[in-house]
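Both complexes below contain chain A, partnered by chain B and then by chain C.
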Partner chain A sequence: MTPKFKRRDVLGAGAAAAGLAMAGCGNELVEAFIKTRLAEMDPKQLETYLADLEAEYSARYGKDVSVDDTQARDGVLFAYGLDLDRCNGNRRCVEACVEENNQSRAGGPSGHSNPIEWIEVFEIPKEKGVDLDEADRYFDRESVPAPGMFYLPVQCQHCDNPPCVKVCPVEATWKEPDGIVVIDYDWCIGCRCCMSACPYGARHFNWSEPNLPAEEMNPNTHVVGNRPRPRGVVEKCTFCIQRTRQGKYPACHAACPTGARVFGNLLDPASEVRQLIERKRVYILKAELNTRPSFFYFYG
Partner chain B sequence: MPNWFARVDTAHIHTWAAAAALSAALTLLAACGAQGHKAPYQGALEVLAAEITAHSEDAFPAAPPPFTEGIFPCSRCHGDAPPPDEGEAVFPHVAHLEKGLECEDCHEDDAAPTPADAEFCDECHEPGDRGSERATAYFAGLTDGFPSRWDVTVKSPAHETHQEKGVACAGCHGQPSNAPFGKPGAAVLMQRCTTCHAEREASIDCETCHEAGTEAPHANIVLHHAEAQRGCLDCHDANDRDVLHLANGTPIPFEQSYRLCGQCHGPRLRDWRLGIHGKRTGTWDGRKEYLLCANCHNPHSPRFPQMVPLPPPTRPKEVR
Partner chain C sequence: MSIVNAFTQFTTGSVRVVTRGSVGYFAWVAALLALIVTGLVAYMGQFNEGLIVTGMRDPVSWGFYIGNFTFLVGVAAAAVILVIPAYIYKWKPIKEIALFGELLAISAIAMCMLFVLCDMGRPDRLLHIMPLVGNMNLPRSMLAWDVVVLNGYFYLNLFVVTYMLVSYYRGREPNKYIFTPLVLLSIPAAVGIHTVTAFVYNGLAGRPYWNASILAPRFLVSAFCSGPAVMIVLLQVLRRVTDLEIKREAIWKIAELMAYAMFINLFFLVAEVFKEVYSDTHHLKHLEYLYLGLGDKTALVPWAWTSLIFSVVAFVLFLVPKTRQNVVTLNIGCAMIFIGVFIEKGIGLVVPGYTPSVLGEIYEYSPSTTEILVSAGIFGVGALLFTLTSRVAIAVLRGDFRLRTANQG
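Take a look at the complex of A and B:
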C-alpha cells in the first residue's frame, strides 16, 4: 500500500519553511530524515541504501561490513522448539546471541551504556511449574542446574498474531513471509508501544547510544536483523535472520551445549521442529492471549 | 494464577504444513544435492545413512566419542595382542616349540627368566644371519633392552615365589605365542592372577603383586549407570575389547554405540533420530551433523555434568 503522500513531497511543498528550519542540519541528516521506508523502496533505491549503510558501518567499525537483504524463501516457515528437560540455565545462548547480533554491551565510553540481551533465562522452582510470577532472571549460581530449579529461556516468540505489529503507529515492524517478525530501525520512532504490547518482554529499547566495541562487531549483517542500531529504537530477536536465511541455525541453537534447542522449517515434514510438534506434546507461553507463537516448549 | 503455559493444538500447524510441503521438499532436495562433505568417520556415516531414514541421507556424527587418551585400543590389555608394529621385536616361539625346545632351554634362570642370549641362538643359527627385520630388532633388544609396553609392573620376586609354589610357566603365561616381546599372549590378565590366588587362598591385596602407588587401570572410570544391575561386559565385548556388543551378542563398533544405548533408551533413540533429542549442527535446510550419545554423556556415568553459568544480566538500577 502506498501512502497518499510521502515525506519528501511534504517537505518539497514546504521547502522554504523547512529549509529555514533545517538550515543548521548537515545534508546527511536531511537525507536520513526524508528517506523512503524500507518496505517501499524500489530496487535501485534499496541498492543505494544498502551500499550507504555498508560504507557507513565499514568506516565506523574499521572492517568490511556487509548489509544484506536476503528475502524469505518460498515454502519456508520458521519455528523453534526448546526442551525444558534439557535446558540447564547455563546462559551460553545469551552470550552467543549478544555476540552474533551486535547488541549493546554494558559499560561503554560513558560507563553506563544500556546493555541489551534478547534472550532472558528464567530460573523457576520446579514446585511452582511454569509460573512467571516466581521466575528470577538474575539468578547467580556457582553451578547449574540448581537443585529443585528449572530454567525457561524466553525470547521473541515470533507470533502468528503479533500484538507488537498491530500497535506500531508507523508500521515500522511487521511479520515476514517466513514467520520472522522484524523491525525497520530507520523507521522506528521509538514510541515503545510495541514493548508494552508484547506479553513476552521480548522487545528492548536503546535508551542510550549502543555500546558496540569495533573489535566485537559482527560484520555479517542483515538490514532488518543485526545491523548496528541507533539510539532510540526498539530491537528484538530475529531468529538470526542473517544466518537462518542462509541455511544456518540461529546462534543460540548453535551455542547451546545441552542440545535443548530445535529449529527448522515447519513446512518441511522431515525437519526436526516439524517432527517435534507431530510427535511430542508441545506448549506455548500465555496461550490465552491468542498470540499464536512460533516458539514451542516441550519436555524431552 | 494465570495459565502461563498451555498445550498447543497442532491442527492449524498441519494446515500450514500441507500448503507448501511439496515445494519445501523440492527445495530441501536441491539444497542437499548441492552440498558435498567429508565425513570424519566414514564407517559411522554409512551406518547412519542406512539407519536414519527420516532425514537427509548425509547425516553423520560430527566427531568420534571422547575416549580418554591411552585407553584405546582396549585389546592392548584385554585379549589378543594387537599386530606388532613394523620393526617391533617379536619372537617366533611357536616355531621353536615345534622343533622340540622347552621353555627352560632358552629361559634358563627360573628365578628371573631372561631371554636366550645370542650365543645360544648361534648353536643352530648361522652367526650374523638374523633373518627378518623383527628378528634383528629382537637381538638388538638383548643388548640394548626392550621397550616396556606395560604401565603396571610386577614385583621381581614373582617368578621365584611362583616356582616355589609349583606354578608352571604356562600357569600364568599360557602357551607361548609369537606375540610381541613382553606380551606373552593373554598371560597377565589380572583376572587370571586373582582367580588363582583366590583358589589357593593367597593374598589378593594390591601390594602383594604391585608396587605401592601404581595407578590402577581404569581408575578414572566410575560406573554410575544402573550399576546395581550392570557390569563392564554388558556393553563391552569379552572376546574383542575393541568393539561393543548388543544384548543378543551382536558385536558393534564404538561408532554405533547408539544402537547399544537404544536397547534400554528406546524413546530417546527415536527422538535422537528425529533430531528432537541431542545436539545437531550443520544447516537446517541441508546437511546435518549428529553427535553420538557418548559425545555428551559419559557412558559410565551418563548424567549431564553441572555447568558454571555465565553471569546474570545487568539490573536496570545498575545502568542508571
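Take a look at the complex of A and C:
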C-alpha cells in the first residue's frame, strides 16, 4: 500500500472551508462527503454504520433486517467448481441467486425495468466447445437439456488477479483474504470502469432504482454482500458471503438439482473442491488473460 | 498598482466586455444558453431516474458521454501542441496561437469533466475521485491517473492564459521566464492527457478492440486533426477582427500538417484493419460490427462510413495546395475532419469495444434523447466558455481593454 493522504486529516484541516462550500448543496452531498470508506472505519464507526443500515432497511422492508460484517477466517480460501458434464441448463441456480441476494427484479414502481442476474447460463453446441460467440443466453429452459448442446453458467470468477479491482479509481472494490472480490456500495461512484475491465461480464449496474419487493427481501444480509443496493452502483456475485462465511454453501450450490456445483475451502486438503482440482481435469475460462480465477470448470 | 488590484479590475472589466456586443453576438450567446438550459433539464431527468434513461445497459456500459469525453480530450491536447509548428516555422503570432490554443484547451477540458460527471452513476460522490479529498487508487487505476492529469492540465492552462491576458491588460509583455517554461510544460502535458485517456481503454485485456498497442498513437494523430481544425477556423476569425498579423501561409501550413496527420491516422487504421481481417479471429467481429454490422444490427455502419469518407476527402483537400489555400474548401475540410474524428473517437471507438460483449452478446446501443440533449448542452457550455474567454482575449489583444492607470487620466 502506498502511503496516502487520509481523508480525515483533510477533513480536520479544511472542515470549515469544505463545510462552507457544501452548505448550499443539500444534506445528501454533505453526508456523502463526510462518510468514511468501509475499509477505513474504526470499530465504533462501523458499529454505528451497520446499526444505521439495519434501521433503514428494517423500516423500508417492514421486517427485522440484519447487516453483519463477518470477516474472513484464517486458513480459508474459497473456490468454486462446476461440472460441465452435469449442468443441464435448468437455471435453478439463477433463481436461487436472485432470491438470496436481493437482486433487482423486472418491472417495479419506478416505471423502469432493470432486472439483474448475477449468474448467466449459456447454451452452446457441443462441437463448438467453450465459444462464447456461439453461446445463446435466451435458450428455451423448458426443453433442456437440448440434444447436441452443453450448458455453461458464468458468474464472478473471483480472480486472483482481478482486472476490475485494478481499474477502480476509488478503491471501492477489493479482494478479501478468503478470495472473495467485494464492493463497497456506499463508496462506488458508478463510473463502470470495472464493467469494462471484467472479461466475464460478471458486474452489473443499477441503471435505475432497484426493484426489490418487501415480501421477497432476504433479511439476512452482509454489508459487502446481499444488502439492498442503491441506484447507480455496481454489484456482482460475492460467493454468497453472508452464507459462506457462516459455514453454509452458496445459494446457487444449494439449489443445483444436478450436483454440478462444488464449493469449499481450497486450503483444506479434504474439501470437495480441493479433491476435484487434484483429481479432475479443469477448464479455466479465458485462461489466456491471466486473471487466475477461483472458479474451476471441470469435466465429470 | 498591485497585481491583486489589477486582477480584480481585470475580472470586473471582463464582465463588462462580455456583456456588451452586437445583436449577432447576443443572439449567439442566447442560442448557447438555450442549448445549455435544455441540456440541464434533460440532466435533471437523468439525475432523478438514473442512467436507465440512457441507451446504455450492462453489455454496453459506456456510450455517447464517454465517447464525447474521449474526443474532447483530443481537441484539448492538439490545440496546445500547435505551439510546436508555430515555433518551428516561426509563425509571427506564436504567443497568440499559444494563447488561443490554451483557451480552447480549457473549454474542451471543462466539457470533458462535465461529460464524466454526467456519466457517473453517483454524481453525489464526485469528491471520492477528487485529488486529496477523495481516495484515489493510485498508481494502479488509469482513470484515477486521468483525473490527475486532466485537473493538472486544466489548471496549468488556466494559469498561463490568465497570466498572459493580465500582463497584456496591464500593458506589459508576459515575462518569458514564466511564460516559456509553462508553455513548454503544457506540450508534454497535452501528450500526457491523451495518452493516459487512451490507456484507460488500452489496458483492458478483455476488450480486444481497445487492447491494441496502436490505440494511443492513433489517439494522438487523430487529435492532431480535430484540434487544429477548430484552430484554423478561429485564426481566420482573428485575422478579421483584430490587427494581429496572422499570415495566410501559417494557416495553410497547419492544413498541410493536418493532411500528414490524417495520412498517418488512415495508415494506422489500415494497419489495424489488416491485422484483424487477415488474422480472421473472433476479434474481427468488433470491426465487422462497426463497418458492416452483425446480422441486422447495423446502427453504427452509416456513421462509420461517414467518418471514413469525410476523413479521406479532407485528407485530399488538405494535401492538394490549391484546395487547402481556397477559403471555401479549407473550411469544408475543417468541418469534415472535425466530424470525421468526432465519430471515430466517439461512438466509433466506444461502442464496437462492447459489441459483441465479453460474453458474446450483441446489444445494439444508440444514444437516447436524454443523452443527445445533455451532450448538446455540454457542447453549449464549452462553446459559451470559449466565446466569452475569446472575446476578452480579443479585446485585450486589440488594446480595447486595458488597465487605466492614474497618470493616463
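FYI, the second predicted complex is superposed on the first by the 266 of 300 C-alpha atoms of A that agree within 3 Å, B and C clash if a C-alpha of one lies under 4 Å from a C-alpha of the other, contacts with A are read in each partner's own complex, and residues count from 1 in each chain.
Definition applied: a contact is a pair of C-beta atoms (placed from the backbone, for glycine too) under 8 Å apart; a residue touches a chain by one contact, two chains touch by 3 or more.
Note that the structure is predicted; figures quoted are calculated from it, not measured.
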| With chain A superposed, do chain B and chain C clash or fit? | fit
| Thinking of the overlay built on chain A, is A:E100 touched by chain B (first), by chain C (second), by both, or by neither? | neither
| query | Which of the two partners, first being chain B and second being chain C, lies in contact with A:R137: first, second, both, or neither? | reply | both
| field | Vertex chain A, arms to chain B and chain C (CA centres, degrees, nearest 10) | value | 150
| Partner chain(s) touched by A:E54 [first = chain B, second = chain C, both, neither] | neither
| request: State whether A:D178 touches chain B only (first), chain C only (second), both chains, or neither. | output: neither
| query | Of the two partner chains, chain B (first) and chain C (second), which one does A:K248 touch, if any: first, second, both, or neither? | reply | first
| Taking the superposition as given, does A:R192 touch the first partner, chain B, the second, chain C, both, or neither? | second
| said: I'd like to know which partner A:N90 touches here: chain B for first, chain C for second, both or neither. | reply: first
| First (chain B), second (chain C), both or neither touched by A:N114 | both
| query | Who does A:L285 touch here: chain B (first), chain C (second), both, or neither? | reply | first
| said: Can you work out, in whole Å, how close the C-alpha atoms of chain B and chain C get once everything is superposed? | reply: 5
| request: Starting from the residues of chain A touching chain B, keep only those that also touch chain C in the other complex, and list them. | output: 112, 114, 120, 131-133, 137, 207, 286
| query | Which positions of chain C touch chain A when the two form their complex? | reply | 49-54, 56-59, 61-62, 116, 119-122, 124-129, 132-144, 147, 200-201, 203-207, 282, 285, 353-354, 356-361
| said: Could you list, by residue number, the parts of chain A that touch chain B in their complex? | reply: 73-77, 81, 83, 86, 88-92, 94-95, 106, 112-115, 117, 120, 129-133, 137-145, 207, 244, 247-249, 254, 256-259, 262-272, 274-288, 292, 296-298, 300
| field | Parts of chain A lying in touch with chain C, wherever the complex brings them together | value | 2, 4-5, 7, 10, 14, 18, 28-29, 32-33, 37, 40, 110, 112, 114, 120, 122, 131-135, 137, 154, 163, 166-172, 187-193, 195-201, 203-209, 230-234, 286, 289-290
| query | In their shared complex, at which residues does chain B touch chain A? | reply | 1-8, 10, 12-13, 16-17, 19-21, 23-25, 27-28, 31, 54-56, 271, 274-286, 291, 296, 304, 306-315, 319-320
